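Handing you this structure, nothing more for now.
Chains here go by letter, A, B and C, matching the order in which they are written, and residues are numbered from 1 within each.
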Amino acid sequence: MELYDLTVYQLSDLIKSKKLGVAELTKAIIDRIKKIDGNIGSYITVLEEDAIKQSEKIQEKINKGTAKSPLAGIPMALADNICTKGIKTSCASKMLENFTPPYSATVYDKLLSEDTVLMGKLNTGEFSMGDTTGNSYYKQYKNPWNTYRVAGDSNGGGAAAVAAGLAGFALASDMDGSIRRPASFCGVLALKPTYGLVSRYGLIASAPSLEQIGSVTKDVTDCALVLNAIQGYDKRDSTSVNKGYTDYTRALVNDIKGMSIGIPKEYITGEVDPEVKKAVLNSVKILTSLGAECEEFSLPVAEYAASVYYIISSAEASSNLARYDGIKYGYRAKEYKDLLDLYKKSRSEGFGKEVKKRIVLGTFVLSSEYYDKYYKKALKMRTLIIEAFIKAFDKYDVIIAPTVPTTAYKSERKTKEPFNKDYMYTVPANIAGLPGMSIPCGVDKDGLPIGLHLVAKPFGESTLLKLAYTFEQNTNFHKNRARI
Amino acid sequence: MEYEVVIGLEVHAELSTKSKIFCSCTTEFGGDVNTHICPVCTGMPGTLPVLNKKVVEYAVRAGLATNCSISEYSKLDRKNYYYPDTPKAYQISQYDIPICHGGYIDIDINGREKRIGITRIHIEEDAGKLMHDDKGEASFIDYNRSGVPLIEIVSEPDMRSAEEAKAYLESLKAILEYINVSDCKMQEGSFRADVNLSVRKKGESKLGTRTEMKNLSSFRAVVRAIEYEAARQIEEIKAGREIVQETRRWDEGKNMSFSMRSKEEAQDYRFFPEPDLVPVVVDAKWKEEIKNSLPELPRDRMKRYINDFSLPQYDASIITGSKKLADFFEETAKKSNNAKAASNWIMGEVLRVLKEKQMEVEEIPFPPKYLAELIILIDKGVISGTIGKTVFEEMFKSGKNPETIVEEKGLKVINDEGQIFNIVSEVLKKNSKSVEDYKNGKKRAFGFLVGQVMKETGGKADPKIVNEVLKKELEKSAD
Amino acid sequence: MELKFTKGTIEHIAELARLEFTEEEKEELALYMEKIISHLDKLDELDTSYVKATEHIIPLNNVFREDEVENSFDRDEMLKNAPEKGSGCFKVPKILE
């Protein structure tokens, strides 16, 4: 096992017992980034000098015994739509290619106070919007398990980096399964927390009511440690929930006896890859053998979730992205004849194709003629989806399904179908604000990872962690590493 | 007149909170460009708004003071449009559920009371300021004002003349000042009015097509704009043309309104609920607290002055039109125990001097109690009314109290009969022609002689005694 | 499906969104919109006339801050990312009002 294969808590042990120096670890990760990230494309910005300086400072604290956090000295990376003061934050877009925010996201401040080391900013879909290949302005990011395969849309840089050992853990935003799908493809664990649990301040969101900052880690213990660090009420975020501090490591218990698990039929019939279905059903068997009660049930709203998502996310994005006009920051066209032209050229030249398409869709569904038919309808559907889950959670503790109905597909796969039905698996958690987690549960015949998706009721992270932990303690999927 | 003018007014008032609506930048007016800004009020990526509680409180106050119903539940919405002064390319405002609705203000017009309805009051954020380079090819944006809290007060189209519109604006301004939610300084932009105007044949119930007029920087401009636009629309209709629904810009210099660049496509603001903010709930308890904190309102104060101080309606209305003026008056009236005199002084000399020197009430260099003392000095007969005016001027110049001024300048009334007799004698000796005139029946000569006596005494002689003595002496010489 | 995405519709939306497209792009967009809308229209299958719209997913109300002033940001820092500036301001082509 190389250093970069170790989990956060394994590294933390070594660091705290002084068997491993922080700078040594940082340098090892940087070396690996230099060696293989050219093939993977998970980083947009690597902060070599800053990271080494930071690691030396933290080592001093560790020597003095003042670095108490379990994350002290751990190399981590943030998606490039999370603001980092003084460090370029581009959202993987030409529009913000040269944007350096004079403020930081709250989660970054928190991780700094936990003495982590920022290795760099990660590749994502442009403004969190993915097409099947990831849709970054900079470069396509690839799957470390097989670089001819996609890492997943739309914020896949984090999953790729963690899977390839290029960061101890990563934070990225999840708008539609944007970190869960890549985690499924890359064989790592991702958690999108309950809406309001983690501060959104400093996240350059496209869809404010759907998007949350989540974590990508190698296993569930790491996930709990990171969640402990990033949770918490933030007065700068009006949608932040004040519910005090929870120690999520206490949920890491190997016992799911009596846990009630529901599997929506809609997610395992239909176009699910047979190997994915096999892995999921196998997981159900394992969970049953461990004492859980699993049964299939019907969740008809799932069929409509992707449509609801497209409407709400594009509407919000069309508004959130309107501020990019080349005036206060961001890309400004070189040639324009007047103000109107400045707006049109800057925006049309600065945004990529997929982003522009979504803006057009969003503008359309909000337009006065169609507002009721689409946007208002979507908000009503949102009510139905929320209600369906409330009803389901009356009966079940966790709802499981595949995270994606396939494994990582080929990079050249271009589909003529712009409507991505895969969203229906992960997007209900965004629409209803529920915690959603993807954990590795197998591989296909080509050795590509398969992800199991878990959803609990609001603030039910502890239930997800317990289930995932129990699963891990009785399987080895989370121990697989991409050989790259 | 066969046509009726129908007017509705939209007023934007900047709230006098210390900090902006969604961030803690100061709302202070003036200040060097772009020095009251932060990532939130300039719409930088990833920033989020947090609502200033005082803004909600002030909006509810405004609603209660104008007899509105307060929405127990209301929310904020995004109004999406592109303009460089709007950094997020949307304004956070309220669309379908404003915080206040269904109120009214009573105004006095031609001796009668008229009720002007208020459709709604909602909260929203102000935009930045654009400055244009006259010679160059650029415009510049200052975001200091971006994020300053506003309330928008929309009236029902209940006004029928420029006079009524002016009365409504004056009443509304007074109310907002009284309840301390805005300093309502039109010249600083903290009180702005847009006029919605249409015309129709008298007796018709259907509303005509209306135009909206902006860029009105004073009440006088509002009056002029209404008169112009009403005439313009009537002329158009008479000529058989249709009124175009559009926004027009008032040009104060030219005394005309101009059509603003009208687009074929109407503006589509694509309103939707603001996802970065949560709803506002004003429960009965909070509403009650705010209600109890309201001071006496202008109209109630006016009625009280009419009842308690026996002031005429006109005086009471002028004085209560400004809270600071009313405060000054009331203090003066109480301390001098002579409300009538206090009112006369305020309506007369005080307002005259303030206008002359372009001063505000709060800039009067002496406290109300000095004016009261002046009134008392006159009432006691220590000085004459005429001298009182001189003392008043001096009070304005030096800020000293009237007694000191009277002492220093020796302005006390001369009421010593002997002294006056001497002066009268002198005057009669010097002005024998006038004496002749008087004896020949020219009554005006008497006034002239009185004037001469007053002149000799520097206006300080007690006019009553002068009159008596002069009469007596003239009678004597008749013999 | 009654809705047809004509070039005119695309142009109208583009105008609202301050975007401009080549003729080819407009055709692509029209096709894109038609495909997506055909999926979105499936929502009509469900009768939601009795359903209340969810405008905020967390049951929070009255999140406020106190009316306190804090120091504003330094102007130079705020202008740092501005593509064009002058006289302490953000700069745009002359606006005629």
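Just so we're on the same page, a contact is a pair of C-beta atoms (placed from the backbone, for glycine too) under 8 Å apart; a residue touches a chain by one contact, two chains touch by 3 or more.
A quick map from chain label to UniProt name: A = Glutamyl-tRNA(Gln) amidotransferase subunit A; B = Aspartyl/glutamyl-tRNA(Asn/Gln) amidotransferase subunit B.
None of these values were measured; they are calculated from a predicted model.
Of all chains shown, C has the CA centroid lying nearest to the centroid of every protein CA atom. With A-C and A-B as the two chain pairs, more C-beta contacts join A-C. Centroids of subunit B and subunit C (each the mean of its C-alpha atoms) stand 41 Å apart. Averaged Cα coordinates give subunit A a centre that lies 24 Å from the centre of subunit C. Centre to centre, using the average C-alpha position, subunit A and subunit B are separated by 57 Å.
Shared interface positions of subunit A, defined as residues touching 2 or more other chains, are 99, 101-102, 209, 235, 238-239, 318, 322, 325, 327-329, 339, 343, 363, 367.
Contact of a single residue of subunit C with at least two other chains is seen at positions 16, 18, 55-56, 58, 60, 63, 65, 73, 78, 90, 92-93, 95.
In subunit B, the positions touching at least two other chains are 39, 42, 50-51, 82, 84, 141, 268, 270, 275, 277-278. Of all the residues in subunit C, the ones that touch subunit B in their complex are 12, 15-16, 18, 55-56, 58, 60-70, 72-73, 75, 78-79, 86-95, 97.
By the touch criterion given at the top, residues 98-102, 195-196, 209, 235, 238-239, 241, 304, 306-308, 310-311, 318, 322, 325-332, 336-340, 342-345, 347-348, 351, 356-357, 359-361, 363-365, 367, 374, 376-384, 386, 417-419, 432-433 of subunit A touch subunit C in their complex. Contacts from subunit B toward subunit A in the complex involve residues 39, 42-51, 78, 80, 82, 84, 87-90, 141, 268, 270, 272, 275-278. If you check the complex, the residues on subunit C that touch subunit A are 10, 13-14, 16-21, 29, 32-33, 35-36, 39-40, 42-44, 46, 48, 51-58, 60, 63, 65, 73, 77-78, 80-84, 90, 92-93, 95. The residues of subunit A lying in touch with subunit B in their complex are 81-83, 89, 91, 96, 99, 101-103, 105, 200-205, 208-209, 235-239, 315-316, 318-319, 322-323, 325, 327-329, 339, 343, 363, 366-368, 371, 375.
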